[in-house]
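The following pair of complexes shares a single chain, subunit A, combined with subunit B in the former and subunit C in the latter.
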Partner chain A sequence: MSYNSAILLIAAPLLMAFLSFILGIFNKRIPAILLVLTLSFNFYFSTYLLTLVSSKGVLVSVISGFEPPFGINLVLTYFSLLLLSLIYLIILSASVVFVSKKTDENTVKVATLLFLFTAAASGLLLTGDIFNMFVFFEIFAVANISLISLKKNKTSLKGSFKYLLLSSIGSAFLLFGIGMIYGTLGTLNIAEIGLRFYELSPLTGAFIFIMFLGAILSETETFPFNFWITDSYKGARNFVNILLGSASSVAALYIFFRLFFTIIGYPINNRYEFLISMDARLIIALISAISVIVSEIGALSSKSVKRILAFSSASQMGMILFAFSISDFNSFSAALTLIFNLSLSKAILFLSSHEIMKGAKEKNIESFTGGLGRNPVFSALFIFGSLSMVGFPLTLGFYGKISLVASAVSASGYFSILVFVILLASAAELFYYFRLMHKLFVSEQNHTEKTKMNWFYAASGSLLLAVMIILALMPKFTERIVSSAAGDMMDKTTYIERVLKAEDLK
Partner chain B sequence: MRETSFNTGKFFALIIVAVLGIFMISPFFDTGSGKKISPRLENLKDRVSLHYGLKNVNDASKNIEECQGDYYTCREGVKCNNVIYKETADAETGPANLVTSIVLDYRAFDTLGEITVLFISILGVALLMTGFPALPVKNESMIQSAGAKFLVPIIMLVGIYIFLHGHLTPGGGFPGGAVIATGFLLMFMTSGDYNFRSRRFKTVETAAGTIIVALAIAGLIFKDSFFANFLPNGRLGDLFSSFLIVIIYSLIGIKVGSELSVGLRNLYTGEKDD
Partner chain C sequence: MIDNRLIYVMSLLLFLVGLYGVLTRKNILKMLVAVSIMETAANIFLIGLGYISNSSAPILSESLKQVNLLGSNISDPLPHSLVLTAIVIGVGTTALGIAIAVRLYSHYRTLNINKMGDKDEL
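After this line comes the complex of A and B, so read on.
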């Protein structure tokens, strides 16, 4: 039996993107409804494939009928499908928010953009070909740029232009790296590159490493390249914030893993080392630690709520990258738990803060005052999201952070020092999240008017909350899926053997 | 910064760029061990593109599957196909133009992605330009507008030729579509009152996109693989050969042509749904 129909995860949203324009002529609601339907289908299909993969191991899906490494192929791994289901869940909740808006002249176009965003995210996570990954990287970046600029005020255009600059420079770097790989190794298949990366001369390897680093750091919101987040998050619409903060970050982290671990790294004694002459893990760890510290300082000094959430997202991304740089089984499980925590709770935070601040003139910390009286449901959502974000016990963030600390301390050398610094910096999170929560309870007036309940927001928020509570209250279940995914990440040999259909590579 | 003859910022920027440049060029002259970019192309046998040229990818992958030894010796032991112009029939890929056979057969999925990149870029331009006023149009001379009306049909014909003949000669959907869009641009530049309804063009464009994806899914249904070639390939080098590729290239040509025309129209007259 072949698994070639997995391509439908990419093809269905792509087909709908083209079709929605024609259908949108008749009624502007149709594309929006199709969007929710397509995402539900994709979510269902990806979880079905996830169960298939968990019993059968890595599966390969062939495109154009040419077997890898000659043609383009999709690789279905537990890790990629798990993250893909998470991304679909988030895009689904964002599109529920989008559907609730009144239709205007841009509705059909925005629905098309969201379809293409879905297709690009699926392509990025499923593809087994590095040039194909670059193509989807481009679609993904352009979708993000257009989505950020939707509001068309000064901040959003500024943010969108900054993102445009950084992501286009980044994709040029990625293309340089890919070109160097194709020039030397003569292949574009990720598995075959991973198999043969050691054949490169040291300087070429270092060159490719630096090009990849330049490509991905702006997407993962790492410090020197994260100046775009301030305006992009602040100027974007609410559902775009959810997509940027949760779905895009997860996709970026996945690309980071594929580029640096599947291609350049090699697993030895339950730990990844790098196939280049310099200590790549130290470089990544240092960059991510600096990124955590700077982002926390940025969040502390911001007044705008969206900016605070954006900086907090950047610091969480730094923490996940740090967990990646430790690069053993436990730290990968910690990173996966943190990814779940980041994407789910950040989506909840953006959603609920938008509803709490509704009607306020300036959307800063002061507009949170008396939120509990005005909007009890979303205030509760916000409190739950921030508790999980700071790592309060019995939440996902707690499990993630504690296993990160455990794995960093057991790793030798500089990691235990760096994790101490990171923990100190992330204590700042406690301050600014509790400040916001405190504002919710404070009220100057005795009588407050309740804001009108938006049921679409409530539905999408409670969907995310339900998933988060299930994951937090069933640690055994969470640990099982996380450790299968981490085992999948550690097992590079199976990935290569299954793709190249070669049994005895070692 | 103070205005001086010696600009410190520029100086350091230049030094950084120079170091980066040396670093970027150095892999070409690296004397250490291991693979580097070399003009002699000594590693031709390792390259997947070797089999694209010989049109024996299916043989190679079958050989790897059956052969029991080391992966690379298996891949090198593939027998050569003799591909002869105007003689070989029903090869695994039809086009006589090697680039087309890679772009639309071996790596067709990338091309679908590139179409989508163009589509989403034009969509972004349309979203950004909505509500901007039209540019004032200058009066044009009679010679310009009359000359353009002679030229435009010829330009269109060249564009159509380029994408219809893409499987035999250099060219294809993207350059053909770009040439067609140039015709519309010429009309915009020379005839001030020229305009078309962008909705029709967008309908054509998205319909072409839908048909391309539908044809790819048809491959999944008939041949169990997305973008698989389910129509006959014919004799190499004939005008009527590799039918699926001709159809898809024509659709790409139509799509790119209408897409770029709408994009240029948006830049000229502002986006307005009429």
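After this line comes the complex of A and C, so read on.
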């Protein structure tokens, strides 16, 4: 298989989404098995492409003979394929959790939605066309909304309605921004837009910046939308939480990077000076710092475990956006390590907390009491996930946070002040994670009978844990991956050259 | 003859009307209508981009056998196809939103989002 078959990463799940409906009539188990098989194939193929890209550089898969900038093309970069492999790993572990449930009339529908989710995530990360990105953005949102509303109870419906409103507002903003770009530059190819963005007048540039900011803030769970998003987590089923907290966040961060770095390119020369001198980076850094603080306060005051984890996820997203706003090599490495840490440990936390709270009437902090006695395996998983989340030494979160601080301090001006605020807020994170861990060790008076072990959950959790341990205990290996990806992120010129094959630009 | 700038300004105003509606309405159906207004505004903006004054429809007729983009006065067909896609997506999400609104009504017996709060929110 060559890199030109990269379209299979999108086409295979889409085909299976249709097939699973037909085959589901005969046996409801078939879609579930197909799901695991397709995701394993996608994961394998994306890692194969990743090795190919690491030796050959950025590759462009031309579709139906239309060479860029015409037509829709897939652009394979080290960064996008790395995140895609991570997303497939998360969806795979979430689908193993989903497969463990008894089959009912919903199984086929949920499998179809998960296929759609996979196809949309692949399309979002691979496409080189901005309108195509909008279309996948919408498919992604529809899959997310439907998955959140699966429980059909009050909280899940309310959560999915809020998510729908947010994503619709976001997509309207994105569409308006895309229209502005097409109207002024006459192209939809991301590389060409990135190349010619400087031709726009500052006012048009600022308009597009605001439109994209409106679109992306809702997707990345940043302030002021983080309060709305947490409702979606609370009402959703367990495997949907894993998808929302990990896979969706990674996809949203990728869109942020493409829109603000590849297209607008804020680190190079984009200062929008109108009434007051404004730096695009400062705006994003400020929003992310506020988002971190507000999310941590929200997490501290929450009683529901899912809501605490959701707020913590929002605050981590704020930290990653802050790292993106510094935008040098070290901060990108920090952001990537934090993305790995967020997606893997958040999935472990959602998975294990569900098992620990099993059987409890109210799913709040109190239901964690005596967790270690009832469910030692998942309590251990939860403790490991929490330690990595707060940045305990020798975990992935530690490497991420320490390099974020180092890069922020070495960056000039306001970043070194804002990183102090972010550190202060992440100290709050320590408090509520240790509060949860403490509850696990408190022994219960009434009953200490062990909960029945769910092997599918254990398999899914240990898969994620194994990846985390490998990444944490082999820092050289992790550093190699992360620095290749960060180098790829920084090198906007090669991206544009390879896509447009513009020899005369060199 | 229509000035394109008028279309741009009007669509931006319509977009802001929709945004205001989403942020201030309490009725969930009205919120969905406001979101639709935002999407329509973006679509009108896109259509406006393709419009060229005194141009004809981009249909390959006898007079346009040889397409000469600089000489012939046809409107840009690409925004039309983009808008078509955007409209289909918009209808899909609106339908999904209304389906959720119906379910919400059957649970709460009200469409007011403020009355859907549960006391143990946090």
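Rule of thumb we're sticking to: the second predicted complex is superposed on the first by the 487 of 506 C-alpha atoms of A that agree within 3 Å, B and C clash if a C-alpha of one lies under 4 Å from a C-alpha of the other, contacts with A are read in each partner's own complex, and residues count from 1 in each chain.
The rule we apply is simple: a contact is a pair of C-beta atoms (placed from the backbone, for glycine too) under 8 Å apart; a residue touches a chain by one contact, two chains touch by 3 or more.
As the structure is a prediction and not an experimental result, all values here were calculated from the model.
A.B. asks: In the superposed arrangement, does A:165 touch subunit B (first), subunit C (second), both or neither?
C.D. replies: second
A.B. asks: Scan A:304 for contacts with subunit B and subunit C and give back first, second, both or neither.
C.D. replies: second
A.B. asks: Applying the document's definition of touch, where does A:145 land relative to subunit B and subunit C: first, second, both, or neither?
C.D. replies: both
A.B. asks: Touch check for A:244: first (subunit B), second (subunit C), both, or neither?
C.D. replies: A:244 sits against neither subunit B nor subunit C.
A.B. asks: On the A-aligned overlay, A:183 touches which partner chain: subunit B = first, subunit C = second, or both, or neither?
C.D. replies: both
A.B. asks: Which partner does A:419 reach: the first (subunit B), the second (subunit C), both, or neither?
C.D. replies: The answer is neither, since A:419 touches no partner chain.
A.B. asks: A:135 in the overlay: touching subunit B, subunit C, both, or neither? Say first, second, both or neither.
C.D. replies: So A:135 meets both subunit B and subunit C here.
A.B. asks: Counting only touches as set out at the top, which of subunit B and subunit C does A:72 meet: first, second, both, neither?
C.D. replies: Once the two structures are laid over each other on A, A:72 reaches subunit B alone.
A.B. asks: Touching subunit B in one complex and subunit C in the other: list those residues of subunit A.
C.D. replies: 131, 135, 138, 142, 145-146, 149, 152, 176, 180, 183
A.B. asks: In their complex, what parts of subunit A are in touch with subunit B?
C.D. replies: Checking each residue of subunit A against subunit B gives 2, 4-5, 7-8, 11, 14-15, 17-19, 21-22, 25, 62-67, 69-72, 105-106, 109-110, 112-113, 116, 119-120, 123, 131-132, 135-136, 138-139, 142-143, 145-146, 149-150, 152, 176, 180, 183-189, 199-205, 207, 210, 500-502, 505.
A.B. asks: So in the complex, the part of subunit A that touches subunit C is made up of which residues?
C.D. replies: Against subunit C, subunit A makes touches at 131, 134-135, 138, 141-142, 145-146, 149, 152-155, 157-158, 160-161, 164-165, 167-169, 171-172, 175-176, 179-180, 182-183, 301-304, 307.
A.B. asks: In the complex of these two chains, what residues of subunit B are touching subunit A?
C.D. replies: Interface residues on subunit B, with respect to subunit A: 23-24, 26-27, 30, 32-37, 43-44, 46-49, 51-52, 57-58, 60-61, 64-65, 71, 105-110, 112-114, 116-117, 119-121, 123-124, 126-128, 130-131, 199, 202-203, 206-207, 209-210, 213-214, 216-217, 219-220, 223-229, 273.
A.B. asks: How about subunit C: which of its residues touch subunit A in the complex?
C.D. replies: Within the complex, subunit C touches subunit A at residues 15, 18-19, 22, 28, 31, 35, 38-39, 41-43, 45-46, 49, 78-79, 82, 85-86, 89, 92-93, 96-97, 100-101, 103-104, 107-108, 116, 118, 120, 122.
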